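In what follows, subunit A forms one complex with subunit B and a second complex with subunit C.
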Partner chain A sequence: MRNPLTVLRRRLPGGRDARTDGGTASAAQESESFLDRDSVRSAPFWLPPTLLVGVFVYGAIGWNVLLSLTDFTGLGNPDYSSLDFENYVIAFQGGTPAWSDLTVDPIWNSFQNTVVLVVGFAAVCLVLGLLLAILVDQEIRFENTFRTIYLLPMSLSFVVTAKFWLYMYNPQTGLINIALGAVGIGPVEIVQNPDLKLAAIAFALVWQFSGYAMVVYLAGLRAIPDSHFEAARVDGASTVKMYWRIIIPQLRTATVSALVVLTVFALKAFDFLFSMYGYQPGPSADILATRMVREAYSNGNWAYGSAIAVVLFLMALAIVSPYIYSQYKRGAL
Partner chain B sequence: MSLDTSTDEETWMGTGYPLRRVVLYITLVAMAVFYLIPIETGVVTALTDPGTYSGSYPYLPPLEPLLSDTGTFSLQPFENAFGLLGQGLVNSLILVVPATILSGLLGSMAAYGLTTIDWRGQIAIYILFVAGIFIPYQAVLVPLTQFWYNVVPLRTAFQPMTVVPFVQAYHWKLVALIVTHTAYGLPICTLLFRAHYKKLSDEMIEAARLDGASIYRIYRRIILPLSVPMFAVVFIYQFTQIWNDLLFALTIIQFGDASVVTQELVGLGVSQSGTNFPLRMAGALVAALPTLLVYVLFGEKFAKGVAA
Partner chain C sequence: MTAQDGDSGVSRRRVLQGAGVAAVAGLAGCGGSGDSDSGIELLHAWSDGDGNAAIGALIEGFQEAHPDVSFAEEPVNGAARSNLDQVIQNRLQSSNPPSTFQTWPGETLQKFGDAYADIEGDVWNDDLKNNYLAGPKKQAQLDGTYVTVPLNIHRINNLFYNKNVLDSAGVDPSSLSSPSDVVDACATISQETDAVPFAHQTSGAWSTVQLWETILLAEGGIGGYQSFIEGNGNRSSVKAALDSVVELSEYYPSDASSIGFTEANTMVMDGDAAFIHQGDWAAGAYSGDDSFNYGDQWGQVTYPGTSGSYLLNMDSFPYLANNPTPEDTKTFLSYCGSAEGQVLFNKEKGSIPPRSDADVSQLNQFQQDQYEDFNNAENQPPSIQHGLAVPPGVATNIGSAFSGFLENYDAGATADALIDAFN
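Our next item is the complex of A and B:
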């Protein structure tokens, strides 16, 4: 907690009449009167990073929204004189847009795949991560070694993970099919099988990120006072009952933060799909992230790609903004 | 927090392990195998001579003639992978080092100006930083490509730089990527540093201010030395993130001499005659080597970074 007195003392010299909006780094150095305000005096520290983020992140998002209202298909400069919502109508209903002679599919298919992938991946990750965290929390020997191994895949690139799992899933030489063959099943085509594609992707992503869920849950478990475990034991609760009734409800914060981060990882799974399938994952594995990049960078439908990007952005916003708001309310930011 | 620690410790030295502990350790080891087996399979395959590789036992080391049908040992795939990915590795290094340092340094400065120095309204700016962590890159790709290719004349502006030794004309794309990664790494770096600076004592800073130390001096003399452990966490995290990224490279570098290692790895080991799995696995391991090395050496710090 900050001492309110020191805060007050710091703020007083600035006075209410000083400008609050302003001044660049150089202005802060030139003008003596600005030097009294901490916001201005510390501007050389926070302003350059803020400008960088402001321009490249938020400026780009705004520009992307504007681009999504144009008919830009890559030739010359985008024409900003006639803006309309045609791309969004096409995205939700399909049809033939003004900028193309061909029929463009709506995004529902990739939207559905995105939701299935995100929900499936996040749910399995959380359950596995929680179970691992509970196991690791039993005062085991070599705890650090186990933790390091479980988190290891997370240090790898999506591209590397995709290469490993393309090999694992291979019908002839892949370990999974060899294991299936040993029990008399197979060989099964996995990577190019429309029925299994999405599950195969989710499984590989679980392999990569469940260690992360474990780390978050482990921190959550360690934060629960020992007395809660003791009390449950004195009451004679079974282990399963104790975790289910007493411990897991206390892990809500850990669950929410792990869920938010895992969801964002899953929305970013483009790198993984691109390494496996290039621009064409096929209809059963197409997610919004790949659809967007394909429309813009492979099909040249730049404005349409921007519109899909806006949808993706709004989805991320819908998940993240309640989280940030609750963190802000709790004073955890 | 074990439930029956005492009884465990008693039986540990005595008649044997209780069944529960045995099952616990078997599960833990089985899970370790689950996380390691794709990497293990990759390593032993990458050490197999492509000519003798059969794929019958991808998980066994190449020990012919000791173990039949496992292929013979060879470092050829690794040599080939280094040869084919060499340019990409160099480009990745040119990208990662400045981008990591810049985003870490600027992140520390932003956190200092938005945390240690306390002023009204800073939380609003900080919320913009936090939200920036979660933005899908897709939401900015088209503008970024437009910006670097059609708005900023970086390509021509960079031309005079080529008189400097080792600087190539195509390096302008890496400069664009460095700036982009710095901007997108800043939010998470700021968050990590802010969490650290919130824990520093206010009295110490206040005392320094009463002694007449300027904001610069406090940063330079007090904050920066105290940030060293956090810089390690941030640098490791950023290094891994930027080295592993594909999407920004794909859309800003697109193709050509400036391609980074993840881009080159995508198409490695695939030809019309089929997939060269030893080469492909060697390539994947070569591309993963820097991050794996960093992880094995500084695993604890990496865990700290991802947990935050």
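Our next item is the complex of A and C:
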């Protein structure tokens, strides 16, 4: 089908007439070359989605940033005429903001919990995922079955897994304490224990997402030619050495892409915490996402909630952008 | 263009036109709601259980009394009260308020403060004013203006017990007269029986907040309680109440942090636990079990030390300014303020009518006893946990303080946090 832009250009005054002498360069020709560009000619295909994403994703992010500079609370409309960074000062230093009679605590506690959760969860999840992938890769029987079993928890919603782990951690009847009891420990109070709370959440998330890490690694392992394994064997490498020196270094891309997805999941672990504890997970498990929702929806402090959302967004960006940049450098984007 | 290839060309254009029309119609549909002809729009979160039966009974009664007024009741799906608040927030933000919605009265009203309108005279006439007790009447007002109609009362300062367990432990619940007596009774129960003395859940903070507020009412008296909710709390009585909770926590089920209210309450029903402190919705679960009857298998006492007070948790329907159905809404709210409507509602809900002149003979024996207590109560203080006593921001701070308390049971630090919650 004919490009509508080509048709349009034909109809423009001063359009192209066939000239036996080849014609002369003119302004009209320059505009023609603009319309001839691939990017312009393909505009009907990329422009609408770009606009939609621009408005609904980046526009919303921009609006959120703008909102975080206002004093918007409660009902009504935000006042965009006086913008300042007060919410960020409050977020990092605490104090009594202009929009509230109450003192507002800084976000350091939930910030710290978020970082600990993300780092701990992602690291354990990757290691476990890698081990599972290596095991499943040994051409065992029922490989598909195992793969499905490991991946299945990921398909469950956070709400389900949170309630499920509440039972698992039960000091009387929970499987975790029964297992601990079998080796002579416990019973241990876990769910409201300040020393174990965050670790327990990370553990449950690892259970849910290590299957995902396994699948990513498995794809990575399958992409490594058998000759690498064979060559290492011929050269007399032990199994551990072979994986450590030859195989794992080749899984860099798989690691990075799994890491990005896992950390972003951990940043958003709000639903898990909310299903387990409600609005108040307690000081040792409060993450930025729960704090944000509490400020916005319990207290109606919309602008302050937005400021926390911006911090969360920047954290996600800090994780994703090096990945995107490295992909770009390698020409993989 | 030619007739020959017109076939496909035209149809494609038609398709595009059709899609365009559909899209425009769809967009128009988004903005075109809120037609006032459709009847009273009541948003609530009672989408199942006793709440759903109660609201159904209320609306049925209303429609019999006022067949001319139409109704478009809408439960907010999957709703907890917090979802409902978000829906209301969005509706108010877009200047499209419903006729009324389910909300806690009292300080919770501050959340949508400017959105309410005065209904003194129209709804809050002399009949209502004369027949509501002082406590509920105060909760119906926002800064001195009547804006909402409370239609039920759940009591918070209850101590429910399993009779068989107490009998085998030799504990007489009516002899308990202070919070420390409850702790002593728990000690006896744990010595004499295998049952858990005090069923309680700690995965969420709310049960512990309402337990603490009840004990605060006992330790500080009505005066101490009032000054706390006004922001001038006495740290020593706040801490004394927390200490009592810490002592009680020794007698919780060992898996308190992994269970919910339903499981804790079931322990009492099964004879695995002796006491539970809860709002009287706990009794709603008992009435569903034919082998667990009031007076025979279970009983209730006013939480020791709080006699003379009826700690209020209420639901109410407020009047929103800019109302889509102003007259019909007022008619409905007046019905909610009538003894007839309140009895219909509370019969199903398990709570009691806020009006002191209701004919409660249709309610069950436990409700009748509670109602008698209510009418004889000298004070009807508002609940902190259930949004009546403190503004939302303070309530969040109190919730935060208790989420920390559940981790470490540090009464001193929590007392400081609770006093600070108002600053």
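Please note the rule applied: the second predicted complex is superposed on the first by the 279 of 333 C-alpha atoms of A that agree within 3 Å, B and C clash if a C-alpha of one lies under 4 Å from a C-alpha of the other, contacts with A are read in each partner's own complex, and residues count from 1 in each chain.
Methods note: contacts are C-beta pairs under 8 Å (C-beta built on N, C-alpha and C of every residue); 3 or more make two chains touch, one makes a residue touch a chain.
For clarity, every value in this text was computed on a predicted model and none was experimentally measured.
With subunit A as the common reference for superposition, the partners subunit B and subunit C occupy clashing space. Of the two partners subunit B and subunit C, more residues of subunit A are touched by B.
Touch criterion met: A:154 reaches subunit B, while subunit C stays clear of it. Once the two complexes are overlaid on the shared chain, A:297 sits against subunit B and subunit C alike.
Look at A:262: by the touch rule set out above, it reaches neither subunit B nor subunit C. In the superposition on chain A, A:211 contacts subunit B only, with no contact to subunit C.
Look at A:189: by the touch rule set out above, it reaches subunit C but stays clear of subunit B.
When both complexes are overlaid on chain A, the residue A:167 reaches subunit B and subunit C alike. Of the two partner chains placed around the shared chain by superposition, subunit B is the only one that A:61 touches, whereas subunit C remains out of contact. Of the two partner chains placed by the overlay, only subunit B lies in contact with A:37; subunit C stays clear of it. Taking the listed stretches 5-13, 167-175, 221-229 or 257-265 of subunit B in turn, the superposition on chain A shows a clash with subunit C for 257-265 alone. Common to the subunit B-facing and subunit C-facing surfaces of subunit A are residues 167, 170, 172-174, 278, 297. The residues of subunit A lying in touch with subunit B in their complex are 2-3, 6-7, 10-11, 20, 37-39, 41-50, 52-61, 63-64, 67, 77-78, 132, 135-140, 144, 146-160, 163-165, 167-168, 170, 172-175, 178, 207, 211-212, 215-216, 219, 221-222, 224, 226, 229, 233, 239, 242, 260, 264, 267-268, 270-271, 274-275, 278, 288-289, 292-293, 296-297, 302, 305-306, 308-310, 312-313, 316, 319-321, 324, 327-328, 333. Interface residues of subunit A, counted against subunit C in their complex, comprise 74-76, 100-103, 166-167, 169-174, 187, 189-194, 197, 276-284, 286, 294, 297-301. Subunit C contributes residues 82, 85-86, 89, 92-93, 111-115, 202-206, 253-255, 257-259, 392-397, 399-400, 402-404, 406-408, 420, 422-423 to its touches with subunit A in the complex. Those residues of subunit B that touch subunit A in the complex are listed here as 1-3, 5, 8, 24-25, 27-28, 31-32, 34-39, 41-42, 45, 55-59, 106-107, 109-110, 112-114, 117-123, 125-144, 146-147, 150, 179-180, 182-184, 186-187, 190, 202-203, 206, 215-216, 219, 240, 243-247, 250-251, 262, 265-266, 275, 277, 280-281, 283-285, 287-288, 291-292, 294-296, 299-300, 302-303, 306-307.
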